[in-house]
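To start, the structure itself, in structure tokens.
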Amino acid sequence: MNNPIKVGVLGARGRMGSEAVRAVGEAPDTELVAAINREDPLTGLVDGGAQVAVDLTHPDAVLDNIRFCVEHGIHVVVGTSGLGTPELDRVRGWLADRPEVGVLVAPNFAIGAVLSMRFAELAAKFFESVEIVELHHPKKADAPSGTAARTAQVVAQARAAAGLGAVPDATTKELDGARGADVDGVRVHSVRMTGLVAHQEVLFGTEGETLTIRHDSYDRRSFMPGVLLSIREVGSRPGLTVGLDALLGI
Amino acid sequence: MNNPIKVGVLGARGRMGSEAVRAVGEAPDTELVAAINREDPLTGLVDGGAQVAVDLTHPDAVLDNIRFCVEHGIHVVVGTSGLGTPELDRVRGWLADRPEVGVLVAPNFAIGAVLSMRFAELAAKFFESVEIVELHHPKKADAPSGTAARTAQVVAQARAAAGLGAVPDATTKELDGARGADVDGVRVHSVRMTGLVAHQEVLFGTEGETLTIRHDSYDRRSFMPGVLLSIREVGSRPGLTVGLDALLGI
Amino acid sequence: MNNPIKVGVLGARGRMGSEAVRAVGEAPDTELVAAINREDPLTGLVDGGAQVAVDLTHPDAVLDNIRFCVEHGIHVVVGTSGLGTPELDRVRGWLADRPEVGVLVAPNFAIGAVLSMRFAELAAKFFESVEIVELHHPKKADAPSGTAARTAQVVAQARAAAGLGAVPDATTKELDGARGADVDGVRVHSVRMTGLVAHQEVLFGTEGETLTIRHDSYDRRSFMPGVLLSIREVGSRPGLTVGLDALLGI
Amino acid sequence: MNNPIKVGVLGARGRMGSEAVRAVGEAPDTELVAAINREDPLTGLVDGGAQVAVDLTHPDAVLDNIRFCVEHGIHVVVGTSGLGTPELDRVRGWLADRPEVGVLVAPNFAIGAVLSMRFAELAAKFFESVEIVELHHPKKADAPSGTAARTAQVVAQARAAAGLGAVPDATTKELDGARGADVDGVRVHSVRMTGLVAHQEVLFGTEGETLTIRHDSYDRRSFMPGVLLSIREVGSRPGLTVGLDALLGI
């Protein structure tokens, strides 16, 4: 067996960070060598011999953290949000000087969610009908969820690319809102319910059969398998990678 | 074992009627003694010795059929639509003269659908949240379905009777229609999809748990168990009964 | 509005007890007046003026607790397991002297689970086929779950009472175990899966339609609505009541 | 728009064949030019100018049909079962002389079923747990279904290739059969129920999340989209292709 990968966690006391500390400590092929908080110097990564850093901090700290890691030859897995095109361009600039280093930026670490979206994209062209039902806790402010909206968009693009027309719908008498929101021609329905966490169904239909891809996320530990997968893969992917999709090989 | 119940079917060549002819012929405790079509005289029921008639004809024929049966002491199961309050009052009038005869009018013979609605009504007061998702083939003209709208209404009434307030919903940013149609405060979502037939889910949620009651109807044979149940029960229910609910004993 | 019900929690520091403390404190119609732990005297209930006590302690403490409460005219909701027929008989004996006091013993406070079982019992006689699929986390030792086994039993009894025969099954070539466990003639399937908590589906089928009753339990907070319901109801139910079913009014 | 593809159907009066005749007639990009039954000469294909033949006949006729088509430069889509390795080798031999002709042999035309299996294979390596629940009408003789058994096998192979060990399962007290059938380490559960047709769920679980891939087949028309896809694609795939998978491009 190979030596475990030496990992440092940035933002180790945060909600996500503390889960990452636990997950890295428990996995047989990773070893926690540094747990860095806001007040700690980044040199703790170097002192611990970290090969991979996981950044779960804040938008205002993440860029400095990435720069430090790249300059010190440490691969980085970034779960912190807030990296737009200009920020990603700066990261690319730093990587140009250190072409052997890998930086992986993942907006969503839930493997099931990422797979769902990819499968939906692949299935889209084979089905006349498609709709999305997403279900969340009632404290959520936006409807539909960002994931559902993005899923609808990639499905709509795949349908267009395959030359499919509008989905069939003979509704002539509709109570306002019954048919859901229209996202690029794909109907999306948002359920809000006490007891639920985060769930999504993509339903496809054609003559005599339906295909349903459902993802259920029960708590934030659902991100940890994706974090571990990223830690294992980032070292063999020099340069900048955006999205967990790239690691799924599908 | 008792003698089988002698049954006549009115509208025997229609879509529903032909299924009823088959079902009555196959069930061990019923016997088909008359299959009457538009051009046949109703006296065929008497000649065959029918104890129960099943009316699956048209709104313009059903009242005359019921009157004939009541006058001849034949119990009637009515699946034909179009009986409003004035028509039901006329039926009650005829029954006043023949108090031993039973007439059962059922807008929906699918036992699963009727049970779903009743269970939803009973569960309503125990859950903070409730929503309905109904799914049908894409040729359906109305959204939501009549069954979903009625289910929402009985759920809303049960909530009100128990003193429950509005369902929790923190949505502040909604793409038009995402949160479904509002039926008496209950959100209803309508999916239309090739391949589907008629399906409904009532979802209830409270802290840490959800309860889902789902009904799937695959074809019109789904009405036959309800028709047979009605045939078996109508004889012991003199007078007018509206709705299959009364037979379920719940 | 009525005055809130004054509640004491026994076992207040335990996993369930601490949730009950929180729930009683948050509900508008209940007030926490005593949080009793193993080392605290039961007189704290009296001092606080508790009208209802909730026992979430241990099998070796529960009987003494109940006795104290009954003797002091305090209604009791019991969530602690371990009360068999002899213990319940002793409780009945104490209640004989205090007929105005109510004791409610609930093996399962999850309202959704109790409703599921009751609905399954009520639906059973209307469907030719029935099977149960229960799904739990992979650390569970027994398969099927106790709830699934009990559900199968009440469904089997309801079928027998209605004169239904065996469920149809033409299987002639079975890989060992594919058709599940046989509980009184009802097939039960147990799924064990990382990520899941506690879930159960009862599936009913007849010609052309199916009815599915699904319960999902996500965490132990799912017991709190049932605890609160019990607190509200126990005062108006003098004597011994076993099972949450009695409170559902179904 | 291109000219429609000229199609001949062999076995045109059979259950599948008559559906294919209808589907080819209705699709905008295919044209029915020959409907051949057992008693008709195969030269009807040539006379009609068929570019593609669809064989939905019998195991004892299919080889002669394929040979005739290949020799006459007509592409063939084969839905008839009964082609084992020796038969496929003979087809390859005929194709060696006509390298421009395509023959596509598809054991399952339901696109949703084929996609389900492929998605399950792709998802397998990312999840600690996996189980399969398949649900069919009660007249089915074998349990589990052939599709479920094959799905379990491809999932098991994908897990092995990724180095995953056994799925976690702490069951120590099992009622016989509760945990399903063991197919290469993957548990498979078979539900048999009146009202159902053919359904399958593949459930995957990892920490805090699950992914479910469900396929519902309601009637044999569900094969027609796969037949049409095959007709459209076979012309651009010279030589022998086995399985619809190859056409999905996934």
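In this document, chain identifiers A, B, C and D correspond to the written order of the chains, with residue numbering beginning at 1 in each.
The definition used in the following text is that a contact is a pair of C-beta atoms (placed from the backbone, for glycine too) under 8 Å apart; a residue touches a chain by one contact, two chains touch by 3 or more.
If you want to know which protein each chain is, UniProt gives these names: A, B, C, D = 4-hydroxy-tetrahydrodipicolinate reductase.
Values in this document were obtained by computation on a predicted structure and should not be read as measured data.
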{"item": "Equivalent interface positions on chain A and chain D, same or different at half", "value": "same"}
{"item": "Chain at maximum distance from chain B, centres defined as averaged CA atoms", "value": "A"}
{"item": "Selected interface, B-D versus A-B, where C-beta contact pairs are more numerous", "value": "A-B"}
{"item": "Separation of chain A from chain D, taking each centre as the mean of its C-alpha atoms, in whole Å", "value": "33"}
{"item": "Between chain A and chain B, centroid-to-centroid distance (C-alpha), Å", "value": "46"}
{"item": "Cα-centroid distance, chain B relative to chain D, in whole angstrom", "value": "39"}
{"item": "Contacts with 2+ other chains: residues of chain D", "value": "127, 195, 206-210, 216, 218, 222"}
{"item": "Chain A partner contacts - residues on chain C that touch it in the complex", "value": "195, 197, 216, 218, 222"}
{"item": "Of all residues in chain C, those that touch chain D in their complex", "value": "127-131, 133, 135, 138-144, 149, 167-183, 187-196, 203, 205-210"}
{"item": "Chain A-touching residues of chain D, taken from the complex the two chains share", "value": "110-113, 115-116, 119, 122-123, 126-127, 204, 206-225, 229, 248, 250"}
